[in-house]
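Sharing a structure below in structure tokens format, with a few things to ask.
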């Protein structure tokens, strides 16, 4: 496998190629360019797997491949590839999901006779390429650039059905909200350059390393606005975090994500599982070496994560559409990842990133399959009893749901549990903020269990509640295939990192992911981060005890939620029990009026201001200009009145003028002395 | 002699086009305008300058002959090219050609005059960007107004007369003020210069030859001259609050003219600011850093917010030009490689992208005969290609990476952030950068309303996809934008080479 | 002999009388006469100071002035004649078709 | 020395003599054949005469007659006349204008009576102007000024059946008479104080007793008034709008260009030679700061002229006011002279002279275009000019050139001359004067471009008919236009000559 990493660029370029093909020749090709996309993503996937093994074999790769802007006596801006365990893992996830989504799209788009397929597959290709470019980026600027391209692609794909009213608006919202986050991110990028003169993630002048040295006083950096290193790094960290919050749909910039369901379901799968939303969390993991230096930032990340996890989960409880529930579950799950990162659980968060990618992709594709069956009706209250009609979908979906709810031994359990565990011990280690975040995360587990199984029961169990549900539209291999693959993964992916088992039964060496992620550059591996971490650990009744308690509690809560759902909804004729919540339900249903206030900011504040400014511009600024001209013309009109046309007046004025001059000059010249 | 040849050929082309019958004028003008394009590309390929033309760098294609005697001063016919002007020359020739093509559809009467004037304007623009003697430069600078006045006044919209005269007089006043400021500066140099060649003046100023004049101390004179010149150029740029001629001119002007106006004419202002204020009086500029930075931020945010309030697509783009040019000012005052270089790069980038946007609006207008956001929706349904390019252009305008706009803006932001002219530059930079959010706001809103959604159009024209020769220029511009975005070094290297000497200036007097 | 200042005073007086007449008369001919008066005020100075300075320049020039005055009157009368033909009057206030 | 080393000295006055002879010849023809219809002969003769005079003047200039290069100024007739660079330079202006006017009149006068008189009057007026530029004594100044004025009165009132023409003539004449009286009185006062009329001697005898400073000042001021009348400067400008509007267009062209230039020529000479600023401002017991006087006049004149022009509806009257405004610009030449100016004085005066030359072309051309429009029987208001470009593109282009050149836009002669004028003013430290000029010039762009707008942009209200294509007018207009354009690249000899000859005055 030597030198396989030399081919890494191809991983990015293949999907880009498929984009060009689909865009240029798509309409002349069978399946509207789908095949090109499938082939490309398959190729990328193969390469990624190869890369993955090469990396796990201890190889790493950090190479500048293109100088974007060369600074004459100023820094160069470059593109490069950084292949280490983290990026290698992410490559596999992204390419796999992308590949499956392409296949699934054959069923979801082609078979459904959608128009504009070349545009669709071009979008998918560019989307995948941008995300892969982001994953392998070796410096913050390159990361930002592909980050933005990801945003563009989400805009194009969410707004795919541009002839309707909803999708364009949703696309606009998605781009605008994330753009707001990226605004801070861009400042962060600029600030990083200004501070360290470099934005590389790894290598000799990696900015996390420089920052570390600066804090130890071994290396001097420019800070601005008269701040000290620590304060300034915190500011920079928070600025970059802005982009993360936007893309990963964390509170308060999460509002775009539910609307993004307007996009075709496979796109939702891609966005939620592997690309756009993952990008934010991945970025934090990527530059974790910088974040661990600033406790304040970590604490804020943890808080945002914990809060978002709970907050989104509660909203998921009352939604009608299946995709809406999934959307909020996504927000909530990414909250867990943020919580993990903020709590110093670098591996845990990455782990959850991976497992989530699998089961969330699975759930969305499953939902997609259901939607096909339901003739594009997404309302769960019109479904029911699909279990027998579409078994493959059902069991795959079930596996995903168990993972999402965090039921042992499905993937979600392991990762979520580790996240919570890390938070707990570091909280016990003397960080009340983390404890609070932990509490929220824990509570969210219950709601997760509840809404997940509410969704399952409403969709698949009970009696069909509509004609379409009685006689659903069948789905073909290209739908079932991806579901099967992901179903297996969702069930088993957790086994790669069974830390609790290791801790409880002392079986060494089954925390493969830990070992894997330690195989990176010295400045990028988990150990290094652990050393830098500002937290200390505390335990209740020893480490094993804590592990056991933590696991038990979270599992218990998950089961409790699931059980409640079973009680309420796993009946032939379920009713909207959530109505009992009354006012709370409306609040939840309207997402705590988050959209309302953001729309209000746009239409209630910004627009009036701009209108007022427009008036001001037309009236005052331009008024002055026009005023000047009219004043001069008016003056002209007056002045010319001197010319009365009567020659005697002329003589008189002439004499007066002369006299005036005589007097004036005489006074100056002193003639009358 | 190639510069003379270039300008002369363009003038000739203008004359030829004037006398041609209207039928052939458009095609002929296109064919003729290819000559300057080739010429400029050839110049670019032969380009061998290094350093800044005003600060003793080697100048490409230089000619320098005494033209006439004026008191103690020789006026020279001096032209030449350096890394700052070369990209702008290429931009001018290419954009003119594309604008001419995009004029085939909308310009229905007096074509020979129209296209003749376009070429006449191009010739003068080339003069502006190549002249290195003040009076030669100033002649071209003023001469540009004349064709523009006719282009707006004859072929413009309903309020064209108002817009034309407003543009004409406003910018003329500005030039006069600038003239007085600069000339007082020249006389402040006393006998240390024997001609009005810009390099000589700039170097004399660097050598600290500036003395008092007309009762002003050297320092005061420098400040007064700086303010006068800044005012003069700021109107052209335009910097808020001196921008109000721009929206009127843009809205009334026919599309190809808007393209030239936004694409090249605005750059005259920033080019002159760089050449005169920021190269000749760097110390003064630094001492005015705060007000200038304030103006820059004001232009960016104010222009963007105004664009947000507009319903007319052209007005939107017009105001967003004000916003984008604000970035240029910010970059110039930064006095860093990336700041000033990025500002210069933004001149080209914005030239391409704003040209693209105006053309796209024009292509839609050609079939719908309206530019009001409220009058149409779902146009993408009928004009998919145009809409696609429109979207691409819009994202370019929003600063999408790998398109020229992002490169320029990122350079500027980077340069401005790390600038040392002021403690608070990072704050100003951050404030200005918020423009990238607002620009996304109004462009996305505009696109959602006009291009997307179910097709509705209240107007008795049938909206069909545009002819090839309407779309082709758009495609070319888009391509150029992407190429420049993927590898900005195409121009950025030579720009930095010409810009860096400015940064080293002490410029004490 | 009479001190020259007196002549100055005299001429100035006549000049002012001329101006006064010119401002108060509406009749073109009287206007013309007032001008004559002013010219002759100049002549008085010229002659007087020619004597004072003891050179004939002034007197010679005085003659010139007289001659030119005559020529002026000739042209003037012509114009006033046509004025009369066109406006049926020699009132200078009537001819006001052009103004502002 | 004259170029013809052998020739007697009086040949130096050849330009004036040629003009005078031409005038007489025209009269002769007219007396032989009073109702001659051979308009061409008359027009051709006067054109030829003026061209010959101009040619001689140009030849002298190039030969350096009356300049340092050939032994300094030539004085004739007891120093009453002086031929030097400046007089020749201005002679060029007068003659070129006279030539254009004569050519143009060929069409304008077609079918009218008294053609012989018309041309001879033009020639005599031109003679007078030439003499003004040459005169070296207040006596000759006065005489030549009258010689220029009297024919002008007649010319303005030339259309005897046209009330406007008559009214114009009357006003011009009355104000003129008044001014000349003031002028004469001023001369008499100066004579009273200095005892001489020769300009150099006046300068020599300036050391007067303190009680006479007032008298001298009064005299200087009144003399300035006489020039103000000729140059249509405030407060002696009142005749100008009516005269230019009412007079036959070619005559307006002649007066507004040549006659104005003549006024400046003599003013420049008298004030720089007879009343050098240094001594005049530092007399014992006071002074006569005429540079301040002209600064005030310049500001007031250019402002009044431009602002009044801005709101005119009648193109001809607009041009009349604009010519007042340009008088204001030219006055900068005198206003910006300083006691310690040194070279700068020569520069600004030269720039003013150069501007007058360019002005001679563009302004004459503009009025001749109006003559053409009158010939076509279109009205005089802006509205009547709508859409002319579509019928007569060449003439319209020429008019556009004149308008933009008057406004000081490139690529036309007016651009350089105006900006050099401002530049020289700034050089002398009068940047505020330049600033006022700038504001006015910007305003002037507004009303000049109204004409252009009317011709090119506006649509005619009713389909306009253009009858004949007057050859002579076209020739004159195009000649003027070409001149205006060529004066941009070819500005070098003009400005250099102007500034050398101007420097010679100090």
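Residue numbering begins at 1 within each chain, and the chains themselves are lettered A, B, C and D in the order written.
We take it that contacts are C-beta pairs under 8 Å (C-beta built on N, C-alpha and C of every residue); 3 or more make two chains touch, one makes a residue touch a chain.
Because the structure is predicted, anything quoted here is derived from the model rather than measured.
S.K.: Report the chain ID whose CA centroid sits closest to the centroid of the full protein CA set.
M.R.: Taking the mean of all protein C-alpha atoms as reference, the closest chain is B.
S.K.: Just curious, how far off is chain D from chain C if you go by their C-alpha centres, in Å?
M.R.: Roughly 26 Å, centre to centre.
S.K.: With chain centres defined as C-alpha means, what is the inter-centre distance between chain A and chain B in Å?
M.R.: Once rounded, the distance between the two centres reads 37 Å.
S.K.: For chain A and chain C, what's the span in angstrom between their mean Cα positions?
M.R.: The computed centroid separation for chain A versus chain C comes out at 97 Å.
S.K.: If you average the CA atoms of chain B and of chain C, how far apart do the two points sit, in angstrom?
M.R.: 64
S.K.: Could you list the positions in chain D whose residues touch two or more of the other chains?
M.R.: Within chain D, residues 170-171, 174, 178, 182, 241-242, 443, 446 contact more than one other chain.
S.K.: Specify, in ascending order, the residues of chain C that touch 2 or more different other chains.
M.R.: Chain C, residues with two or more chain partners: 22, 92, 95-99.
S.K.: Which chain B residues touch at least two other chains?
M.R.: In chain B, residues 169 touch at least two other chains, as defined above.
S.K.: Mind giving me all the chain pairs that touch?
M.R.: Touching chain pairs, listed by label, are A-B, A-C, A-D, B-D, C-D.
S.K.: For a test of understanding, state which residues of chain D touch chain A in their complex under the given definition.
M.R.: 170-171, 174-175, 178-179, 182, 210, 213-214, 217-218, 221-222, 225, 234-236, 238-239, 241-242, 285-289, 292-293, 296, 304, 306-312, 321, 443, 446
S.K.: Which positions of chain C touch chain A when the two form their complex?
M.R.: By the definition above, chain C touches chain A via 19, 22-23, 26, 92-93, 95-100.
S.K.: Can you list the chain D residues touching chain C in their complex?
M.R.: Per the stated touch rule, the residues are 138-139, 142-143, 146, 150, 153-154, 157, 160-161, 163-164, 166-171, 173-174, 177-178, 180-182, 184-185, 187-189, 191-192, 195-197, 215, 241-242, 245-246, 317.
S.K.: How about chain B: which of its residues touch chain A in the complex?
M.R.: 166, 169-170, 240-241, 244-245, 302, 305-306, 308-310, 336-338, 378, 380-381, 395, 398, 400-402, 406-407, 410-411, 413-414, 417-418, 423-424, 426-427, 429-430, 433-434, 436-437, 440-441, 444-445, 447-448, 451-455, 486-489, 492-493, 496-497, 500
S.K.: With touch defined as at the start, can you tell me which chain C residues reach chain D in the complex?
M.R.: It is residues 4, 8, 11, 15, 18, 22, 28, 31-32, 35, 38-39, 41-46, 48-50, 52-53, 55, 57-58, 60-61, 64-65, 68, 71-72, 75-76, 78-80, 82-83, 85-87, 92, 95-99 of chain C that touch chain D.
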